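The structures considered in this document are given below.
Look at the two complexes coming up: subunit A is in both, with subunit B in one and subunit C in the other.
And then the complex of A and B:
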């Protein structure tokens, strides 16, 4: 067994190396924390979706369904605005039924022409979610 | 004599949310009339709607406040995009004053805050407590910001508050003043109620460690070199990250600690202040929040969850002792955004908030307005300071009650 005590300069180097190791471990710890945070957020989102399902099933009118849908989209996906449209077959337009987050002045008789949407590629956009009910 | 009423809500529609808050806060009062409304709202809200509706419901009330990352009330924290918290205050107009600066962008923080303080003083020379809500990226160096206030009110005036946030993006911030929404401005409230006594406290849960890192070249609060190497390069190399890494990507790991004088370690519950550099310049220099000198020793720091919780509880208990059995008439609470959902889940956040609330409220209902900020202000060791990663509490008690 080597009983020779390390010199001061040697101890300093060992200490610096240990500190560098600690910093690297802290980085790993932080990465794990971020992963945990993201998992927590996903879990919270799933809970929110579940709450929406329960609320939507019990809604007794299309207006109530629209309101709960718009509110749930906002809270679940942390968005600034959300709108619920009804398709008007004769006019080929999407008529706004309920919205949150837009200026009140655009609420009245707000419509989107289906032709305009198709010309702007809206229906092919993967971020657009259209469900027939 | 000022009277305080607080409430929070997560209601989505901005007009309905402020209505709900005012009704909740002023439940039992004959109407919604009040003299001052402090509003903290997360970024999802329509700020104009909040202000206009508050004015409509309480005609004549002065409106002041700022954007946040979330709010904290007696029912816990809420960091949803439409979290809203208010403190409605009733009382004589000569017991408070508000002032603001349209923009702090490219302004010398000392001069801007001295003007802000002069405005407050002109409106009310008896102000003895200041609640400050500036834009987060325009207050550096923060020691000069504080000196701006102190140049007018003297060093004994407690300045507490926080930097307005934008849901931890962090890119900008908004302040509310009467019917205006300011971007990257600053607002301040001065309190001058002679019947009130204030007790303030601050805590954070970061620990300094390792051998000192010497500032080898700096100018004001701009650090060019650490241990003889370009500052950001030095930090990134130690963290085994490319130099192109942004400060956000390093999380809190790049935060460097500054030692406090030993005599205030016990009061603060910590031996160091820890600061992130939220602005990294193209030349690799850092904007440290305070002015420092060549030769200053800084330290690495790490978050210690146990210490965060223990520190919060210790702060609550310490302030409770100062109240000497009196029930607070109101509590203002500023919590760093990094102690919120960016790090803790909902259960942990609620537990952390309970750590400070339980000792102070003893489960009584107290007007409590808290919010998540991007940098905090408060006095420690008899000196106004700026903080990161901290909780700042200001408890108000009635002197003769």
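And then the complex of A and C:
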């Protein structure tokens, strides 16, 4: 049986190894914590999306649907304003149907020209953030 | 513009099923919160994707619902329109029905009036006939009374002069006796005619139920119609039990036989001056069976199924077309019996009447 005490140098190496492991575990713990927070947020958003789903499915008009959608966008994604547009083919414009969070002056008859949209990034399914103004 | 103060965040646009653009959703934050989104931009993408997919599905669902509602509305409107059309058609039919009902009532009233007129005309004919028939006995009576008066005056003259011989007086007595017998005979004849006419005409007007001797009554009818019937040389053959009595409506029988006889005269014997009319009546426990026949012109195969219809006549100039219809109605409605007719052109007619015993 080997009852000899370890040498100092050996202990230093062991200690450093342990410290490395502690740091590694701390990073992992932090990553896990961030992941958990993100997952919780995602879960909260998905619950909110589910609530939206249940509310919107009973809409009996496009106006009611727009209102529920805009409200859900604000609560689900913590945004400050949201606007629901319907496309007017003859005028080639997107007409505002419902909005929350904007100044009163844009509430009625607000339109976005399709040309203007195309000049500012266009309608792209893949880009969530197109532009910052 | 205030909108430009926001960090604009464009979400996927949404499309109709035919790929045409339907709309777009925008969301934004103020510049102060811009960093928040810059940091978590990538983290939000899965949720955005789910949300936008859900929104598209829900929009499609709404569109399908809208189309369905529209179809339901269109179908409902169509059904309503059809209901309205049916309602209008029903109202139209109801109106036509009422008009028809009113026309029918008018027709029935007119028919009743015509039947009444026919009856009155028949009675009028009877009056004329009886008046003609009465003329003979009354004329003979007047002549006889005149002769009697002359004889009486002649005897009175002789009596004044005290010149009456036994022979004259005997002759006067014989002559007076003969004349009185002649007057009595003719007055009885006139009384008999009046009695027959009175009975028949009263029965025809009142149509009351009573007990009557069938054959005797039949003879009264024939006597009443004699002036009319004597226009032709008709041989009557009545086959009926003398004791046959009925508790029924004699006036109805009078109208039936009057119309049958006039029908034979007007149609059957129109082109004939001689003929035979037979009337046979048998009463059993259940019914009275009458057979009326003539050997006149008969009825064509075409006309035969229609003879009891009102206003149906083979010749508009020789009748109103109501005679047989009146008979039919009287037999069916008043006597609750049946009447049928067999005939062939040139072979006369046979009317079979079956009346249940009351």
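As a convention for this text, the second predicted complex is superposed on the first by the 95 of 133 C-alpha atoms of A that agree within 3 Å, B and C clash if a C-alpha of one lies under 4 Å from a C-alpha of the other, contacts with A are read in each partner's own complex, and residues count from 1 in each chain.
Note that in this section a residue touches a chain if its C-beta (ideal position, glycine included) is under 8 Å from a C-beta of that chain, and two chains touch if they have at least 3 such contacts.
The shown structure was predicted, so the numbers you read here are calculated from the model rather than taken from an experiment.
More residues of subunit A are in touch with C than with the other of subunit B and subunit C. In the superposed model, A:40 makes contact with subunit B only, not with subunit C.
When the shared chain is aligned, no partner comes close enough to touch A:13: not subunit B, not subunit C. By the touch criterion stated above, A:71 is placed in contact with subunit B alone, subunit C being left untouched. Using the contact criterion defined above for the overlaid structures, shared-chain residue A:23 touches subunit B, although it does not reach subunit C.
In the superposed pair of complexes, A:94 makes contact with subunit C only, with no contact to subunit B. Residue contacts after overlaying the shared chain place A:62 against subunit C, while subunit B stays out of touching range.
Of the two partner chains placed around the shared chain by superposition, neither subunit B nor subunit C is touched by A:118. In the superposed model, A:84 makes contact with subunit C only, not with subunit B. When the shared chain is aligned, no partner comes close enough to touch A:32: not subunit B, not subunit C. According to the touch criterion, the shared surface of subunit A, contacted by subunit B in one complex and subunit C in the other, consists of residues 41, 74, 78-80, 101, 103. Of all residues in subunit B, only 12-13, 44, 46, 80-82, 209-211, 238-241, 251-253, 300, 302, 341-343, 345-346 touch subunit A in the complex they form. Residues of subunit A that touch subunit C in their complex: 38, 41-42, 45-46, 49, 52-53, 56-57, 59-60, 62, 65, 69-70, 72-74, 76-87, 89, 94, 97, 101-103, 105-106, 112, 117, 120-121, 123-125, 127-133. Residue ranges on subunit C touching subunit A, taken from their complex, read 1-4, 6-13, 20-30, 33-34, 36-37, 41, 43-48, 50-51, 54-55, 58-59, 61-62, 65-66. Those residues of subunit A lying in contact with subunit B across their complex are 15-16, 19-20, 22-24, 26-27, 30, 33-34, 36-37, 40-41, 44, 71, 74-75, 78-80, 100-101, 103.
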